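What follows are several structures.
Two complexes, one shared chain (chain A), two partners (chain B, chain C).
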Partner chain A sequence: MPDALKINAINCFYGNVQVLRDLSIDLRKGEVLCLLGRNGAGKTTTLKAVMGLVKVRGGSIMLGDTDLARLAPHEVPKAGVAYVPQGRRLFSDLTVAENIEIGLMARGKGRAVRDEVLDLFPVLRQRLGQRSGTLSGGEQQMLAMARALCIEPAILLLDEPTEGLMPAMIARIRETVAELRRRGVSTILVEQRVDAVLPVADRVAFIENGRNRRTLDVEELRADPDAIHRYVGVG
Partner chain B sequence: MAFGPYLLLATLEGLVTAAVLSLTALGLSLVFGVMRIVNVAHGEFFMLGAVLAWFFSTLVTGHPALGFLLALVLSPLVVGAVALVSERLVLRRLDYNPEATIVATIGLLYIIQQIVLTVYGPEARPVVAPFDVRIALPWFGYSGYKLAVIAASVLVIAATWFLLTKTRIGLVMRATQYDRETAQNFGIPVDRVYAGVFALGAALAAIAAVLVVPIQQAHYLMGLDPLLLSFIVVIIGGLGSLRGTVVAALLIGLSDGIISVFFSPTLAKMIATLLVAMVLVFRPQGLFGTAAR
Partner chain C sequence: MADKTAMRSLLLHVAVIGVLLALNFVLPEYHRGVFSRILVLAVFAMGYNLLFGYCGLLSLGHAMFFAAGLYGAGLTVYHLDWGVAAGFAAGIMAGATLALAIGLLALRTTGVAFMIVTLMFSQVFYLTTLYFTTWTRGEEGLVLRQDVRQLGLGGVSLDLSDPATRYFVALALFAVVLFATLAIARAPLGRVLVAIRENEERTRMLGYDVFANKLAAVVLSGLFCAAAGAAYALLFGYVGSSFAAIQYSILPLLWVLLGGAATTLGPLVGTLFMFYVIDIASGFTSAYMLVVGVALIVLVLFFPRGIVGAIRERWLPWLP
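Moving on to the complex of A and B:
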């Protein structure tokens, strides 16, 4: 399968502290790649580096022929990359409809995309005029994903989308990720909980101290459950 | 004059003050709300607007309305352009750092003030009102132009409200105000939004100045009072809140008009400052602001 996104030996710093060290990851077309690792391992920083929110020193982040590391942050979504950050980061004083409008504006998408996205999350249709900050946690997560999908992304970055959600809502998010995979969207998923990941992931990359220690197929991981403890000590 | 008409006169004067103050403070509030920048040079944009209004009005001979209309169009545009250049050359290079930009805009204040002093001089110069109509009330006559200033301010505030709440540009500005980083994740060029907002804030101050300059005179030190009063208004109303700015400007403008007429202008300023202190202690986010996120 060809690569949808190729992260080549990138380094990132917060001040003088190096957070990513020659980190390389290949995301294949249409797959769900999960990043696993302890807190502070560099998973979120990897996503932020792709979005241009953290400056990359050295290396490259190739989307086709475009090096995302050389783009201004606002140009990255226009290249077809959408990001659902940890904690959702909705524009909480704006309505649901306005949040979706912001998503559509990113790549000039229209009503057809809006309807398609709302079909994925029908509950949002009844909340269009409601301020997004007043939605339940699960609804906020759906809106965060809906807003990102309005970009019609080729690459979707999800940072702990199931954090703090009830089991029914986690299942709903998982179904959505699976549906997006069927539609050919390539996804990088950051999760703390392995059980939330295995049903939807194709491969798992273990991130430790800012490095990609190993990338395994989910089948390999199922056959060797100790691998998780061996590589990053989480589970 | 009996108390009632006297109060009516004071209220009308207060409404004129409130109208001009609303526009000036709205500019300051927008810049802080979206960019989180305390623009200490805002009063100088007001002053520059007034001085340019004098300049443009002298270019046209004939009916005073022609020169005034030219000033009303060109003065905000030129002041907006000056603000745009300042944003590019100074604020952007400081990465909009809140502390550094306070110091930088203090510097900008002195640069604009001293350039105007050098080029325009220390004189106070009048601009002729575009029309001279007195509205005859049963108790006194009142300037029709001052009533027009109130109407024009209401129109500009309504237009700003429309821009912010009903247009795509407004949506982009509000999204940037709430979360700069997430706005970038959705293709919003935050630097360009900031530049536009800074220019718009300065242009609003310039519009207020053009409206007021037939009542006051253009002078190189006239920016201080509007700056102080604008800060009072945006702190009381809530930084970044359009509704709060208008309500607080009405409160401050009316109290300034009434207290100045019945007692003294100094007492009016003292009460306004005391009000700010009370708001800062009991409701730091202002009357209509939201608590820090």
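Moving on to the complex of A and C:
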């Protein structure tokens, strides 16, 4: 399978502290790649580096022939990468419809895309006039994903989308990720819990101290459950 | 649903203009004069509201944009014998150009730093008006004679010092800026500005050039404020450096907070309220600012989103 995104030996720093060290990851077209690792391992920083929110020193982040590391942050979504950050970060004073509209306007998308996105999250249809800050946690997560999908991304970056959600909502989010994979969207999913990713991921990259220690197929991981403890000591 | 809301708010704004038009014929002379002034200053407040209310950028230097319009119009009419229309255009251009330059520099900062930087630029502008007294006559200011305040319109000459004409011109400017604000609030730009106010980083992550949109807001805001300043100079015939002082940077903030930030009608309501509280209180006591202070505290306690903001929150959620 060809690569959708190729992160090649990037280094990132917060001040003088190095957070990513020659980190390399290949995201294949149409797959769900999960980044697993402890707190502070560099998972979220990897996503932020792709989005240009953290400056990359050395290395490259190739999307086709484009090096995302050389783009301004607002140009990365235009290249086809959508990011749903941890904690959702909605425009809480705007309604659900307005949040989606902002997403649509970003790439000049129209009603067809809006309907497509709302078909993925039917519950949002009933909440269009409601201020997004008053939605439940699960609904806010759905809206954050819906807004990101409005730009019809080729690559989707999800940072702990199931954090703090009840099991029924977690299942719904998983189903949506699986549906997006069927539609050809390549996804990088950051999670801390293995059980949350195994049902939906194709491969898992173990991040430790800012490095990609190993990338395994989910089948390999299932056959060797100790790998998780061996590589990052999480489970 | 959306169309119905849009129509309802459009009708409301037309009705407000209609009421203001009718007031010209029923208000006593004194209050008509006060209203002319309020309408022009409400335009100043609407310009401030665009940046503060919609985009969330708190400037402490908007007096410089108002004064840029004031001096842009006043100096060209006074020293260069330009006509009223050309002077008005010069005032607007001066404000918009200044806003562009200030925006390019000040938008490199955020939060408190943005407040301080805008305040400093505004103070520089104020001191400049005091320094070049040969041209500005400093605090004493310039008085524009009645004979230069004549607006030629299709063969007819309108005397801007005439109370009725002054009222209609002030109302016309107010109406233009009010509907422009309504259009901006509904346009993609308005939505993006609100998104920036709510979460700047998230807006950038959706692919918006945050700096460019904020700069557009600063320039439009400066342009509206300069239009108010230019109109003030031409309608009331006085151009003085007191309009560039810090007081005129604080006042629009208070008017907008009182009326309701990010509401189209809030700036008018806030300006009107504050003007009349001062007017009435000063008739009873020389310590009228104390009354104003108490009124402000009460309003902020019970209507933290301002008068129109509270109405929108509690009763009329469709208010723009």
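Worth pointing out:
The rule is short, and it goes like this: the second predicted complex is superposed on the first by the 235 of 235 C-alpha atoms of A that agree within 3 Å, B and C clash if a C-alpha of one lies under 4 Å from a C-alpha of the other, contacts with A are read in each partner's own complex, and residues count from 1 in each chain.
The rule we apply is simple: a contact is a pair of C-beta atoms (placed from the backbone, for glycine too) under 8 Å apart; a residue touches a chain by one contact, two chains touch by 3 or more.
For clarity, every value in this text was computed on a predicted model and none was experimentally measured.
When the two structures are aligned on the shared chain, A:L94 is found in touch with chain B and with chain C. When the two complexes are overlaid on their common chain A, residue A:R107 makes contact with chain B and with chain C alike. Touch criterion not met for A:G138: it reaches neither chain B nor chain C.
When the two complexes are overlaid on their common chain A, residue A:P85 makes contact with chain B and with chain C alike.
Contacts of A:P77 after superposition on the shared chain: both chain B and chain C are touched.
By the touch criterion defined above, A:G42 lies against neither chain B nor chain C after alignment on the C-alpha atoms of chain A. Overlap of the chain B and chain C contact sets on chain A: residues 51, 53, 72-78, 83, 85, 89, 91-94, 98, 101-103, 105-107, 147, 151.
Of all residues in chain B, only 168, 171-172, 174-175, 178-179, 181-190, 290, 293 touch chain A in the complex they form. The part of chain A that touches chain C in the complex is made up of residues 51, 53, 72-78, 83, 85, 89-94, 98, 101-103, 105-107, 129, 147-148, 151.
Of all the residues in chain C, the ones that touch chain A in their complex are 1, 188, 191-192, 194-195, 198-199, 201-210. Residues of chain A that touch chain B in their complex: 51-53, 72-78, 82-83, 85, 89, 91-94, 98, 101-103, 105-107, 147, 151.
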